Amino acid sequence: MSLESLNEILNKINTIKITHKHKRRIRVDVKADSLTTLLELIKGQASFLHLSAITCVDWIEDNQFELVYHVWSYEENCLISAHTRIDRDDAKFVTVYDLYKPADFFERDIYEMYGVFFIGSPRMEKFILTEWFGMPPMRKDFDSEAYVQETFNWTEYNPDWLQELSDQGGGIAIKPEDIRLSGTLHNKATHREREKAKKEHVVGKGWKS
Amino acid sequence: MMKKELKIKSNKTNQQKQKRTNPLANVFDDFIDFCQSKSLFMLHYCTGCGAIELPPAMTSRFDMERLGIQPMVTPRQADILLVTGYVSVKTLKRVILTYEQMQAPKYVIGICSCTVNGGMYWQSYATAKKLNEYMPVDVYIAGCMPRPEAVLEGLNRLKNNIKNDRKEQKGSAWKDYYKNYDYYLGNQQNLFGKEWQTPVDVIAEAKLYGLEGEGTYGENTKKLKMVQHPLLPQEMKL
Amino acid sequence: MSFVEIISELVLMPLIAFVVGLMMVLMMRKISARLQRRIGPPFFQPIYDIVKLYGKDTQVSHGLIHDIGIVMAVGGYIGAEILLPVPGMEGIADKGGIITLSYFLMIPSLGMALGVGQCANPNGSIGISRALTAMLAYDIPFIIVVFGAAWHYESTSLIGMIEYQQANAWGIIEMPFLAIAGLFALQGMLGKQPFEIYIAPAEIATGPMVEMSGKYMGGLFVMQTFQLYTAGVLYASLFLGGGESWLDLLPKAFLVVAIPMSIAFLFPRYKTEDLIRILWKWPVMLALIGLAFIL
Amino acid sequence: MNLLDQFFVIVAVALISIAMLRNIKVNSIVSTLWYVLMVVMLARMSSVAYNADTITSAFSIELLGFRMYWKFTALSWFFSIITVVSALASSLFMSGDWGKQYRQQGGNYGLLQLALILNVVSMLILLASGDLLSLFIGWEFVSWASFLMMVLMPSKTAKKAAVKYVIYAIVGAMALLAALAMVYASSGSLDFTQITDAFIQMTDNMKFGFVLLFFIGFAIKMGLLPFHLWQAVAYAETPGPGAAFLGAISSRMGLFTILVVIVQFIGLGNLEEMNIALPYLNMKSLLAWIAALTTIIPTYIALQQHDAKRLLAWHGVGQGGYMLLGIMMYDSIGSAGGLMHVLNHASYQAALFLTVVAVVYRTGTSDLNKLGGLVTQMPLTFLVMLIGIIGLAGLPPMNGFVSKWMVYRSLLVNGEPLLFVAAVLGTLGTILSVYKLIHNTFLGQLRVEHQQVREVPWSMMVPMLGLSVIVFITGFMPGLILPWIASIQETIGLPVVTYHLGGIEYAKGGLDMIWVSGILFYGFGVGALIFYFLGGKAKRIHQYDNYAGGHFLSSEVKYHYSNNFYPGLMHLIGNWYRGSFKWMENVIVSALSFVSKLFENMYRSRQPVMLLVLVAVVALFSIYKNYSGAGS
């Protein structure tokens, strides 16, 4: 199949934006409501039979999730990455399980990690984080560090030999405690914002409740 | 934001074993301690990269067997549990089950920085940080990863601890799990939720072998009683 | 035979077997260490292991049959030790012959199989299934060897066989093919590489030993010492002329055990069906050739 | 009336009373009491067994010029006591709660008891037969009585197996009848002694036919190779205790007749002189090889079964081989082993069948893949099965070891390495298979649905325990049985074995079971001392507290290994014997049906061409025959 005919198929979708990154990599951006149509088209007419992965990106500033469907064709040796964006507050999307069976696992994973619910997916339940009841941890507004500070304790380890080394001017430049407790590695503003956020709600808890 | 207050462990110093009056019995006990320190079967729970340092420690270069240490496969046979690397919350459940299935005297060695403080996963929401909050750890071997020399050094230190188990207060730590079970159980429940339980009935074990202490029962064990499905052994019935 | 003699034999023979077996275990581990260019365990390591296992503070039992299995495994071997004639103690050994003895050697396996079965661990059951299959494999050449020996010495009693050899020539000289086949079968009987599929630590978690802790494992360690001793002395009695004194017998027994050990650590392991195939092919062929010579 | 007449009167009255009694409870008690009385009568006749006497019944029939009479020899007595004791155990077993359950499930209990007594009566008639005609009549009675037992189960497989059995039985009867005709033709009488005379007068070819005809008749009943296919399914598909009875003794009637006709009257020495092909292969060694193959092939078929009853039934076929093998060795120790194995096998086989029936009674299945872990629920049944499988596998100290030891010893003495290996191969296969049986039923993980299962009631427990006591006692002191064996050997003209209470006296290695068991139990005692006095106490734990690589076990997780228990072995040898005999059976059946179709067609003249072709072939053949005859 030539490039032109592939383009022709893709262009059947009205709102599509096609970017040829490489002769084997095509990025397409579509609206959320035409994504399944696109997948159906390229599966049915252009031999893209293999769904390699579904990924999700959290664009917190735009208040959107971006879902990326990577579909591979063994005949064309070509990967189409179909990007689409959905609303972050009402994170729901329709499943592609009926088109691609492996989508089951990807969708379950995304549901667990981002909280995007896939309507019609066969097993929308816990996948890997069986003990996790808080906010989906890959969301940008989940603060892993704060969660860790809140949940875990630390071993104090200040041996004499390390003290001696420090006294001689050597040792560790930034002590682990400093990193953990004051956030030296991040700029102060982020840290302050985080402190503010902590005051407002308990991080990691109370999500969806 | 308040940090959750974890209960402070009760005093550990009262675990010194009473010396028997019969001198022969003492010699016998010392002999068993000596043999225990000379023969250690280890179960390596290879959770992370630290496991790669064990084969050199076992094979011809460093030869653990000359210290009487050899690898074993199941927790039932083993004396040492080597946790070699980061422990994710989900793995921790299995590590605890494995630890509880081991038979006393049992020792835990945490290898790599990850078991001490989470190591490079210190920010990760899914990785447990202090292993000794969930089970008594005898020796930590820090490093990322520790060299086989360090591993052997740690094992030697453990052997000395075992040899002096009855003589010194600072002995091996396994009894602490029975005597302060409530503390450990509380930490486990904080992480895994209220439904947490293992098929191993630690309290019954402590009762049977007379290993109960002040900290065996408490708030957390009461909570456990509420949700536990107790597994009684199947008795022969005529 | 006086009463005191019987009692002393009943007590002493298992004890000697235990001590000699400990040395054999040590030898086995030393050989493997040396082959892998290691130093190996210290001299008293087998004793440390057994004392440690019996000195464990806690241990688990899956029920009465689990306990009885261990008792049968150790007890069956103790019975077998008594039926093995050794220098100075032949009084009871003539009550059973080679057929009885080879049946006695199956009792520990059956006992252990029962105990493991009660543990309700499929790894253990798989191990037993493989161990019994291995038994089926190595017993065929072994039984041909036993037949050949009994036919050649015109006796089924081990004492008679030893007497014949001491009067004439050693069996290994008169029946070299059978002796080689017997050595082959011994490798399988001891469960050493390449015939140790039923232990397979990384695959089925040491199979039968999977749920054994403390004194249960200790019992199996004791059983191993008996097993090595039995194998060594039995082979020495069949083919190396037994022993007129302990100084004569022990080196032979150690040599016999050392040969499979030295071979063992050079091999990986065979699958079950390959194990049967190889044990039913080469040693059986050798044994039949040997048999054809003496019949 | 001598003792034998009294005995037969009792047996006849027992038969009538059991047939008449309609009340179930009374029927159970009465039938059990009759069997007890029969055992007592046999005990009164024990001089037959100890002194090799003969009791001849006063009753006889003149029929068409033949005098039929009945007598009891040591051999008949030996088989009779086994029959009656097995029947007693079965009857006692079914008299209590088992019978109740059987009726609730729609079985006809009265008919089952009747079938049992009919079997016993017909077997006793056969065992007491004094000449060939009474033997043949007894033979037919036995065949039809076991057929009655087999059709009691309503299942389709049972019916099919029973019909298959009848076909085999008819073939056997035909062969027997033909042999009888040969005897009659040569001597004009059907007395046992005429067999010897007839045999001596025959030509070599006729001798072969004669022996083979007898042998086929008897081998079919005993399930010897290649007639082993019918038996296991037919016996396994019989209602519980009936299977125990049939499995214990029924097929041994074939062995009895072999002993009477072939061993006693044709004589093994005569068989040895009948060379077949090579100097090594004569009629006796051929029979020995058939016996050896019978130990191997059915045993390994048993290894493949996943139904407990079928597994045992196949072992029943296989163990028959040991008996014949021992007898075919034609020396004192081997034949003693073979004969003793009849009793030993009956005792443990009945015990094993009864345990399986007990398990079925509680759990409703004998499928080995659907059981497991019952030892905590049914410990006594487990104990009986343990004793039984130790006996069946032939390990010390149970009785199976004694008889197998004797067979091995005799094979060793006679220098039969290949037969020896074959026998050992059978034993090893048995060990594998019985471990599978006990593991899959009693060991391993207990299923959730079996957690409420309890031990069977005493009415079932008592016969099982009684049989296992027999298994142990006769193993511990084989000298209790050996006098009977010695008189049998004297009666049927075999070398007589030298014995003592503990076993056999034999130059260069005898057997003393009292010592052997003593040493074994001493070993167990020391093992128990080591186990219970060294080391700390152990904690009893639940099965779910188990190593699973860190996995949490619960009732939802099936953590049990039962299906395809020996995959490595089956992968290798499974194809060697799978269906080869089935294939042969099918070939014969289809050839027969083809021929019958052919004749049917011819008879109805549907295919005149066929008739023409046949006539042409016959004509050509006769012409050829004529010419070739003329040419020479």
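Odds and ends about this structure:
Which chain is which? They are A, B, C and D, in the order written, and residues in each are numbered from 1.
By our rule, a contact is a pair of C-beta atoms (placed from the backbone, for glycine too) under 8 Å apart; a residue touches a chain by one contact, two chains touch by 3 or more.
In this text, all values refer to a predicted model and were calculated from it rather than measured experimentally.
Counting C-beta pairs in contact, the pair that comes out ahead of the other among B-D and C-D is C-D.
Chain A and chain C have centres, each the mean of its CA atoms, that are 61 Å apart.
Chain C and chain D have centres, each the mean of its CA atoms, that are 35 Å apart.
With centres set at the average Cα position, the gap from chain A to chain D is 72 Å. Touching two or more other chains at once are residues 55-60, 63-64, 205, 210-211, 214 of chain C. Touching of two or more other chains is recorded for no residue of chain A. Multi-chain contact residues of chain B (touching two or more other chains) are listed as 74, 76, 93, 205, 209, 233-234, 236. The chain pairs satisfying the stated touch condition come to A-B, B-C, B-D, C-D. Remark: chain B residues 74-76, 93-95, 97-98, 101, 198-201, 204-205, 208-209, 231-238 touch chain D in the complex.
Of all residues in chain D, only 373, 375-376, 379, 382, 386, 390, 393-396, 401, 405, 408-409, 412, 415, 417, 420-421, 424-425, 428-429, 431-432, 435, 438-439, 442-446, 508-509, 511-512, 515-516, 519-520, 522-528, 530-531, 534-536, 538-541, 543, 545-549, 559-562, 565-569, 571-573 touch chain C in the complex they form.
The residues of chain C lying in touch with chain B in their complex are 29, 33, 36-42, 44-45, 47-49, 51-52, 55-60, 63-64, 201-202, 205-206, 209-214, 217. Contact residues on chain D toward chain B in their complex (touch as defined above): 375-377, 379-380, 446, 454-455, 536-537, 539-547, 550-554. On the side of chain C, the complex with chain D involves touching residues 10, 14, 53-65, 67, 70-80, 82-83, 92, 95-100, 103-104, 106-107, 110, 113-114, 117-123, 125-126, 128-130, 132-133, 135-136, 139-140, 143-144, 147-148, 150-151, 154-157, 160, 197, 205, 210-211, 214-216, 218-219, 222, 271-273, 275-277, 291, 295.
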